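What follows is chain A paired twice: with chain B in the first complex and chain C in the second.
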Partner chain A sequence: MTPSRPLGLIAAFAALAVLYALPAIAPRALVQDLFGVLTLLVLALNWNTLAGFAGLVSVGQQAFVGIGAYAMFAAIILMDLNPLVGVLIGGLAAAAFALPMAFFAFRLNGAYFAIGTWVVADIARLGISQWKALGGGTGTSLPKGTAKDMAFVDRIKAALDVSSAAAADALTYWLMLTLAVAMLVAGHVFLRSRMGLGLQAIRDNETAARSVGVDPVRLKALVFLLTAFGTGLCGALAFIQITRVTPDAAFSVIDWTAFVIFITVIGGIGTLPGPIVGAVIFYALQRLLADYGTIYLIVLGCLGIAVMLFARRGLWGVFTGRTGIDLLPLTHRPPKSAAPQPQASRRTA
Partner chain B sequence: MSALLQIAGLTAHYGDFQALFGVDLTLQDGETLAVIGANGAGKTTLMRAITGIAKVTAGTVTLAGEDITRLPAPEILTRGIAMVPEGRRLFPSLTVEENLLIGAHARKGNGHWTLEKVQALFPILKERRHNPGTALSGGQQQMVAIGRALMSNPRVLLCDELSLGLVPVVIKEIYAAFPRIKASGTSIIVVEQDIGQALRVADHVHCMMEGRITLSGRPAELSRSAIHDAYFGVSHA
Partner chain C sequence: MMLIDTLAQGLLLGGLYALFAAGLSLVFGIIRLVNLAHGDLIILGAYLILTVTTITGLHPFVAVLLAASLMFGLGWLLQTHLLNRVLGADILPPLLVTFGLSVVIQNGLLSGFTADSRKLAAGAIEAQSVDLAVVTLGVMPLLTFASAVAVIFALNRLFYRTALGRAFRATSDDAVTAELMGIGPQRIFAGATGIALAVATIAALYLGTRANFDPSIGPARLLYAFEAVIIGGLGSLWGTLGGGIVIGMAQALGASVNPERQILSGHVAFVVVLLLRPRGLFPRASD
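Presenting the complex of A and B:
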């Protein structure tokens, strides 16, 4: 462990403690803002795993956000379930949708895969807009008071001495923050595992990876399913706070995929801290340029192009390259035993 | 010795082009076998067909009595056939050590070859273990590729054009490791254009031309003119 690592870990834990404490000490508007940033961070972490590590450049992630959101609405409105159960159902529904989507999309490569995922997402949007029970093309809203009736809201309200709405915001914020931390930790553990090593080999050279026993289709399908689950959970949670869903909003390619790609690319695609750096920059730009209307989007676009041209590994990649500091290295070490002896049950290929 | 790998009437294509025409070949347990031939003779397609990468259209590949002809490549590797591909094909984003570790991906249980033993076979790989695999010299990269294949603990090691692009002193250094690989119980098939090198390491030599075996025998039994004829397809005057 380099001397910078313990310091980095202490700083990370301190930042995390502040983030968790925020609903108790910061205005509600900031909590809501950060909820939006965390939503994009979770989506970026998932997209980064998919595109940056598995080489699956999907432009159809909005399908999982939309399916997750609509499944959550269906669970609450049609089945009268608890919203938090609805969020879990949202994740599972997105993973279930990923199965047939992978069946079609995995027959495509490169640019065709990207376009194919986009097309499937749009078909999902059109399909959902036919679901009359959830408002069809005009969408629907959560029943009044749904967010306020969630489990733990009363306790948070009493503990923080805030309104029910602010307590609901705090709960969804904490859930999204926990989801982001879980994604980061799970991503780190996964990428440092044998499967993660296989995934990096596939990204480098799929044919050579196959020749050393890595099964690219199975491994990519697993990553596709897991990231669909994570994206679906995130979508469902995001729309609990929004409280209203329409096909256009839930399946928006700009909101749920384009911004996410921007965050990942400027932060550093194929690195774990990259999406965090990208999300912080995105939020800072959003705040700085909030009063300038569309200029904000032009600046985002120019920055994205500049990073792609002059810092292809993203800002975190540049920082790591210049300083040698990597807070979440993905280097694999041999097992402590004399020989690497993977068990048959752990095999992915 | 018993037949470890039996290839019978193997026919395979390279894209739309038929590259193998009913190839027969037998590798005995503990043997080193060389397949020589000019460019386009079908040597690499033969290796790819054995390892399940090229599609076999007729014939059989049998490993220790089990028909493995149409098994997927990862399954064939699991059963004990590993290949050192032409051009090494190391993973550029992985370090030397990670390139070796990924070789154990399909491995089941214990075996002779461990990271330590591979590093003992090629000590430079331990020195350079944290370097990116592709930052090494061509010869060192070839050592990584051999080590990576050994990490799967193969019963049969297929080496495709090890000498390609390497200077003679490096080729000699790499082939010097073969007796130790063989002593570990791994049988070897070497595909080479370098006839002299092939004759030095092999117990048996097969010459290929236009997708067919045109000459077979022990190195000592084969005359230079017979090899020349079988290799180039012209009569040696």
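Presenting the complex of A and C:
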């Protein structure tokens, strides 16, 4: 363990404390902005697990965002359920959709899988557009006051002394922040576990992994299902805040997949802190280039291409390579008897 | 009667999709590269033809020659300076580079040409039709289909009857051994992508003269093209034509039931074919 690691952990906890305190101390616009960034971060953490660790390069993640959002809307509008229960249903619906989607898309190898998932997402978008009870192609809105009627909003309103709309924003923000932290912790625990080790073994050499008893298809399908659940939860929560859903917005490949891919790639695909670094850079770019319309998408695209050409491990990978500092490392230390001397340099996972 | 008409229109629409797909199929087959920017490159080709016709006043059918040469050059440069650098065992870099390229092209076109719908004006030929007693077919769709057949015939001749085609096939089969025989895969790949983009420009000509286009419609064309290639079976150019026809007919049938279901029907046909025949209808390559 490098001496910088406890320092890094202290810094991380301090940053987290500030993020949790934000709704009490910062203006509402900033909370809303950060909600958007956290949404992308959660999506990026999921996509990173999928593409960076399981080798499943999906361009169809918008399917899970859209299905999560629509299932949440259906739970609230058609079944009159609590919005927070709706979010959970959104996650479960996305996971349920992932089953047949995996059955189909797993027939396509490697690169073909990418376009295959994109096709399935388009099928989901077109299928949902036929759902007349939820507005068909033109979409629908949440009933007025849904967000304000959520559990805890009253108490937050009293505690922070703000309007109910701001209290609802604070609640969704805290939920998204908690989801991001949970994803990060779950990702770390999962990847350090036996299954995570198997996953990385498959990524590095599938034949060798099979020969020691790792079942690639089962493991990949499991990851696909779990990340679909996370992505669906995130999509449902995001649309509680947006309050209006249309098939084109809920299944947008740019908003829910392209941004996410660039964030992960620029930050560092296949590293755990990568998506966080990428999300920070994305937010900075968005603020910096906000007045120039589509330019920031062009800049993002070029940055993504440049990273793939010159630094495949992204900015976090470059940072770790230069400094040797690796927060949330995924490597296992060798058993004492096999390696009596502690290794001077550490490999990034 | 209605059914025959619908199927005939679907068949001809399939010609357009085969043109979208031919370049993609070539690059799949030779380089094993999945180019996610293929659809946006078709749209770029359409804007290029539009620009040439606007500046020179040439008819689109003449302007396409200049545009296709430019696109060949673009493909060559793209492959040499960008895509060749990221090819390898890892599938991630080429996918992400072409995805980045797709977003850059789309938004570049958006800032250069705005989101307004544009069209290529081909004159009187657009409205002409041929009465075949059973069905009446438009001249433009017929021309599209004939071009698709001609392009695929020409690509097949190139592939199986010329030295360049032999080099293509050798590189596709085993790049290392081909290199030992004095074939530089980098140049071969550059040539293949150049040809693919020239074909994409022909597809753009028909896309732009038959209907409106705007910078955002590239990804949907990529999906149709991809479906045609996979349905046809990887590595088979005539299979790609067949795949295009399957998608075209499924879309026409779907649209005749309910116009909202056109695209969905094409996608569903793709899923069904893939579930029944995982390697496509006419497979040649083994991956």
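By definition in this document, the second predicted complex is superposed on the first by the 332 of 349 C-alpha atoms of A that agree within 3 Å, B and C clash if a C-alpha of one lies under 4 Å from a C-alpha of the other, contacts with A are read in each partner's own complex, and residues count from 1 in each chain.
To be clear about the criterion, a contact is a pair of C-beta atoms (placed from the backbone, for glycine too) under 8 Å apart; a residue touches a chain by one contact, two chains touch by 3 or more.
Predicted model, so just to flag it, every value in this text is computed and none were measured.
Participant: Which one hits more chain A residues, chain B or chain C?
Facilitator: Greater contact footprint in residues on chain A: C.
Participant: Using the touch definition from the top, say if A:T294 reaches chain B (first), chain C (second), both or neither.
Facilitator: second
Participant: Figure out whether A:S129 sits in contact with chain B (first) or chain C (second), or with both, or with neither.
Facilitator: Second partner only, chain C.
Participant: Between chain B (first) and chain C (second), which, if any, makes contact with A:L108: first, second, both or neither?
Facilitator: After superposition on chain A, A:L108 lies in contact with chain C alone.
Participant: Check whether A:A208 is in contact with chain B, with chain C, with both or with neither, and answer first, second, both or neither.
Facilitator: A:A208 sits against chain B, while chain C stays out of touch.
Participant: Could you tell me if A:V265 is touching chain B, chain C, both of them or neither one (first, second, both, neither)?
Facilitator: second
Participant: Of the partners chain B and chain C, which touch A:T323 in the superposed model: first, second, both, neither?
Facilitator: A:T323: touches no partner chain.
Participant: What residues on chain A does chain C touch that chain B touches too?
Facilitator: Comparing the two interfaces on chain A, one with chain B and one with chain C, no residues are shared.
Participant: Under the touch definition given earlier, write down the residues of chain A that touch chain C in their complex.
Facilitator: 51, 55, 57, 59, 104, 107-112, 114-115, 118-120, 122-123, 126-127, 129-130, 137, 253-254, 258, 261-262, 265, 269, 293-295, 297-298, 300-302, 304-305, 308-309, 312
Participant: Inside the complex, what are the residues of chain A that reach chain B?
Facilitator: The contact residues of chain A facing chain B are 194, 197-198, 200-201, 203-205, 207-215, 331-334, 338-342, 344, 347-349.
Participant: If you look only at chain C, which of its residues touch chain A in the complex?
Facilitator: 32-34, 36, 82, 85-86, 91-97, 99-104, 106-108, 110-111, 219-220, 222-223, 226-227, 230, 260-261, 263-264, 267-268, 270-271, 274-275, 278, 287
Participant: Would you mind writing out the residues of chain B in touch with chain A in their complex?
Facilitator: Residue list for chain B touching chain A: 51, 53, 72-74, 77-78, 82-83, 85, 89-95, 97-98, 101-111, 114-116, 148-149, 151-152.
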